[in-house]
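Both complexes shown next keep chain A, but they swap its partner, so chain B is in the first and chain C is in the second.
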Partner chain A sequence: MRLQDLAAFGGQPLFSELKHTAQMNLPEWSKLKNTLRGIVERSYFTNHGPLVNQLEQEFAKALGVRHAICVSNGTSALMIMCRALGMRGEVIVPAFTFPATVQALTWAGVTPVLCDVHSQTQTPTARQVEACITRRTTGVLLTHVWGQSAYSDDIQKLADAYALNLIFDACQAIGCTHLGHQLGNFGKAEAFSFHATKIVNATEGGCITTNDDHFARCFRAARSFHETPDDPPGILRMNGKMSEAQAAFALLTLEEFEQNLTANHDRYTAYCRELSALPGIVVGVYSDSEVNNYQYVNVYIEAEVCGLTRDELFDLLAAENIICRRHFSPGMHRIPPYDSMPQQIGRTFPVTDRLCERIMQLPNGQQVSIEDVTRICGLLSEIIALAPEIRAYHQSHQCLG
Partner chain B sequence: MKETVEDLAIFGGRPLFSKTQSTGQLHARPLENFLSIVREAYDARRLTNDGPIVQRLERTCAALHGVPHCIAVTNAGIGISMLLRELAATRNGVEVIVPGFSFRGLPHFIRSAGQTPRFVDVDVNTHTLDVVQVAKAISPDTTAILAVSSVHSFGSRDELVRLAAQRGVPLVFDSVYALGGQYYGRAPGAGGTAEVFSLHATKLINGFDGGYITTTDAQLALRLRSQRNFALGSVAGWSPVAGLNGKLNEIHAAMALAVLPELPRVIDTNRERFLKYKSELADCPGLRLLESNKPEVESSSHVLNVLEVGEPWPYSRNDMLRILRAEGMGVRAHYSPPASRARMNPSDVPSITLPVTDYLAERSLQLPGGDGMSERNVQDFGALCGFLFRHSCDVSAMMAKPYACK
Partner chain C sequence: MRLQDLAAFGGQPLFSELKHTAQMNLPEWSKLKNTLRGIVERSYFTNHGPLVNQLEQEFAKALGVRHAICVSNGTSALMIMCRALGMRGEVIVPAFTFPATVQALTWAGVTPVLCDVHSQTQTPTARQVEACITRRTTGVLLTHVWGQSAYSDDIQKLADAYALNLIFDACQAIGCTHLGHQLGNFGKAEAFSFHATKIVNATEGGCITTNDDHFARCFRAARSFHETPDDPPGILRMNGKMSEAQAAFALLTLEEFEQNLTANHDRYTAYCRELSALPGIVVGVYSDSEVNNYQYVNVYIEAEVCGLTRDELFDLLAAENIICRRHFSPGMHRIPPYDSMPQQIGRTFPVTDRLCERIMQLPNGQQVSIEDVTRICGLLSEIIALAPEIRAYHQSHQCLG
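Up next, the complex of A and B:
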């Protein structure tokens, strides 16, 4: 391959259609059509309908949790969870997470206090969390990044010692485990996402899980303005209802969970195999002893080894219609309004910054075949081989500029 | 039809309606239109994130309302909270002026935005904000006025716009019930700083659940688009407020787009149903169907028919709720308790007494409507009311005996 064969330099893109990082798993059209037809025939479109009830039962059963409360999206799940637990003051949250984790706290009237993460687990250690605790702290919200558990006995002990609410953002963690137990069963409650980019797809959608009957009543009350005699008083509510159409998508893709997980794993394994010899591109490893949904194929770009930065590679791939993602870059401590909050001023987040500089997610999901993976990896190999030329080209154009 | 008092369902008789009639519009025809638009999303494998169907819906609604900007959102409540948070960002106060006689969700939307509701009483005829009371309530602490169009009236819209402009306060219209109506011959949408509409299945345009914001302010539209997508992407010269997921998905947008061409027919049918209700209740003294007292100025889509129950009607509103529910009518108390005294208000929002609001909240009742309520059903309802009036002494006496009611 020559430099000019790359799409960024005038060549034909490798793919004629976009290859996304998102799962975008779709059920069979005939099944979907019949389910949507049934909704219209029942004339029951939203407001805790029969499909939402069915989804709640099936998701709870799949996770082995007492309660699953479906809502409009993962952010709503986080917002409702924080509000209904009555969190106040400050809540500690990782800087390395999707913006919604932190934003949900603001919408719940709570001050987020950002915490750096450990370089290996990419989640805060108990020691890192403890360093952020003040007299105003009422809770800890941790993210199961890439479906890897943020729970640990140490974190639980810390929460107990300081009487803090421990809750989890499990938006990436459908079907994932901690020591063999399904995530969704830890802390006081956990929030899941059924966004189209996730393995279970409700177009948009979310769910809160808990094993606590009282909290479940609080969450159910907080997601709508429908009053029941069981409702705890005084809760801040919102319209966080999931519609029947959303539930239809989620139920059909939940039915295909195992086959979609296997396909994700096959693609992940193919990426690992194809990229194993490529210098400076390190594929993120998942523990063999836990179940993961393999939604995310992370690669860490060592620019000093492969000769190109993550962002240079990202742009070169985008030109080839390979749409990667750079979650969670930039870190939340660099995003307004959180960058200027007094709680964050003067603090540094070196691990988050380092991760945000290197990490990138490669295409995965139903629209990506194993052959596509081979072609993407082949292209990456060619690009790395051309790295000195690309770098020289950029430098000469910067000089000219 | 009922022949004796014992035939009433509340006393054990057979209900008038075998299936509970809803108060909502619930319009979803033609089904094939909906499925064909869903198929577009399916084939494109694009289900959300500001997709082409949402964009098409936004363009269609912008044209419908005659405004340059329409921003689709998850639902109207999220839209109101987004707007209030955005508008408060450049002001020092924390108070939002809102009518006491309104939906019980409004105090929650306001608190979600980090603001506090300041309840103000309404006009007894239009059921919308009393402008004199609003003028008194505006203070340096005010960050916005949240005006609500009632089911039958736009209220003193022009006076509110003038007052808000004079006092430099942003004015947001909750126009959920204004959709499909006209004010001085124009559709709502360009009033105040912004207007919010609903795509909930019970409303005029069924999008399962959903909503949209209309505005003439290009900068505000840009900021709202950023806010609804986690405040990703920057708007020049603006420090973003906390973002969220306020997106509408493609399937909800597909349903809304599928039913939109039907809108004129749906409004016509609603008007016919309203007129039928009115004629059926003509001989029922004390039962008044809400309608504008300025028909030359404003019109309504009649998406919701609200009945005022007052003297000399021999039953209270709550008695009517019991009787009609037993007969299979999905009637509801309208704004009762009102937002200013809702049992479910957040713990930091105290209840307050507002004379007109409290008076209206005791007498208003939502009647069934939409596709499920046929002309014949309305006729049966009218006959039932006539029966109730003729036998009021016996019915009231039996209702006073708790053991007599089922």
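Up next, the complex of A and C:
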């Protein structure tokens, strides 16, 4: 391959269709059609209908958790959890997370205090969290990054010692475990996402899980406008309802969870194999002793080894219709309004910064075949071989410009 | 008819299926199936897809407004509007409105200051609003109750004089007019609902309309997590996205808007005709000089004339599977936490209280035929004739109890 064969330099893109990182799991049309037709026949479109109830039962059963409360999306789940648990003042949250984790806190009327993470686990240690506690702290919201547990006994002990609400953003963690126990069972409550990018696809959708009966009643109350006689008092309500059509998509993709997980794992394994010999492109490893859903194929770009930065690689691949993601980049401490809040001023987040600079997700999901993976990895290998030439071109181009 | 023929007294319910107030407009299954199949074929489920774009264009065109920005539901629309317009401190809002109007303000971090309404228009006058203004007031949020305009030149002048953000809850007002101009074009922005109960049915869904290009960019930015280069700075973001499946339902019911409006009008006219001779049950009248969508058939129960209270009638009808609504009851000044806020303490809302005590919505929408209307009105007539007997029974029952 020559430089001019790359799409960024005038060649044909490797793929005629976009290759994404999103799961885009889609049930068979005939099944989906029948389920949607049922909604139409019942003329029951929303307000906690039969499909939403069924999804709540099946999701709770799959996770072995007492309560699953379906809501409009993962962000609503987090917003409702924070408000209904009465969180006020400051809540500690990692700087290395999806923007919605932190935005939900702002919507819930609390001040996010960002926390750097550990370079190995990519989640804050109990010590890092403890350093952020002030007299105003009422809670800790941690993210199960790439489905890897943010829970630890140390974190729970810390929360207990300071009487803090410990909750989790489990939006990436459907079906994942901590020491063999399903995530969704930890802290006071956990928030899941059924966005189309996730392994269970409601198009849009989310869910709160908890083992506490009282909290479950609070969350159920908060997702609807109207008070019912069972509701605990003093709950701020909203429209957080999931529609029946959303539940239809989610139920059918939940049914196919195991096969979609296996397909993810096959693609992940293929990436590992194909990229193992490539210098400077390190595939993120998942623990063999836990279940993961393999939604995310993370690679860490060592620019000093492979000769190209993560962003240079990202752009070269995008030209080939290979649409990678740079989650979570930049860190939340660099995003307004969080960058200029007094809680963050003067503090540094070196591990988050280093992760944000290097990490990239490669295409995965139902629309990516093993053959696609082979082609993507083959192209990456060619690009790395051309790295000195690309770099020289960029430098001369910059000089000319 | 004898007392024991009423379902509440052991008789057979008049209807074997529930008769609701919700519109429940449903497109033909073959059309809906094709549209949903298109989503599956494109594998484009959410994130401002082609159907959402089409809905935004068609809704904006229908209303003659520059921008329509689709969101997850009407509450999100209000929440986004308040935050993106930078509303802080206090916002004045009617006590006679749907709970979500006021709840959205709380989520947006502002303090709602409730305002009583005028008995004729059921919306606050400029004078009533002015009496609520303090140094902390930054906005006024008024509701187009039953699709009747809350806008007036006086209100606009007041907002201008005090430099207040004037916005509208137009969730009940799709296709309705003010002096011949479509609602959706007034104030800084307006919020619509496409809930299944509304004439345009996205199952769940909402929309913000505005004629201001800058505000439109702010609202578009606020409904998504990620910043794009076009976005104004400093916007608090959330997940307010409408999915493609929601847009599919909405587009097809928007297409059938005129015929659904006509059917609503026919049912409304039938109710007016059938109930005209019935003492103490007064049907709410819509202005002939404005367009209304006739979603709501309001009746006002004069207990002293018909011999039964609104709540007694409501329960008697519910037993017959005639599921009326008591919107908006109770007034927001009686609902926690608003009842105990310093802004409301010591103030009275006599017009709201009087409306809340008397008003009731009768069944309407696609699942209610003209024959159903005739049967409902016939039953109402029988019930009123039995009123003395029902009252006597209740009194003896209470004495026995």
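Heads up, the rule we're going with is that the second predicted complex is superposed on the first by the 401 of 401 C-alpha atoms of A that agree within 3 Å, B and C clash if a C-alpha of one lies under 4 Å from a C-alpha of the other, contacts with A are read in each partner's own complex, and residues count from 1 in each chain.
Going forward, contacts are C-beta pairs under 8 Å (C-beta built on N, C-alpha and C of every residue); 3 or more make two chains touch, one makes a residue touch a chain.
Everything numeric in this text was worked out from a predicted model, so none of it was measured.
In the three-chain model built by superposing on chain A, chain B clashes with chain C. Contacts of A:Pro229 after superposition on the shared chain: neither chain B nor chain C is touched. When the shared chain is aligned, chain B and chain C each come close enough to touch A:Ser72.
In the superposition on chain A, contact is made by A:Pro99 with both chain B and chain C. When the two complexes are superposed on chain A, the residues of chain A that touch both chain B and chain C are 24, 26, 29, 32-33, 36-37, 40, 43, 45-47, 72-76, 79, 98-100, 103-104, 106-107, 109, 195-196, 201, 203-204, 225, 227, 233-234, 236-239, 241, 243-246, 249, 335-337, 367.
Within the complex formed with chain A, the residues of chain C that make contact are 24, 26, 29, 32-33, 36-37, 40, 43, 45-47, 72-76, 79, 98-100, 103-104, 106-107, 109, 195-196, 201, 203-204, 225-227, 233-234, 236-239, 241-246, 249, 335-337, 367. Those residues of chain A that touch chain B in the complex are listed here as 24, 26, 29, 32-33, 36-37, 40, 43, 45-47, 72-76, 79, 98-100, 103-104, 106-107, 109, 195-196, 201, 203-204, 221, 225, 227, 231, 233-239, 241, 243-246, 249, 335-337, 366-367. The part of chain B that touches chain A in the complex is made up of residues 22, 26, 28, 31, 34-35, 38-39, 42, 45, 47-49, 74-78, 81, 103-105, 108-109, 111-112, 114, 200-201, 206, 208-209, 230-232, 239-245, 247, 249-252, 255, 343-347, 371-372.
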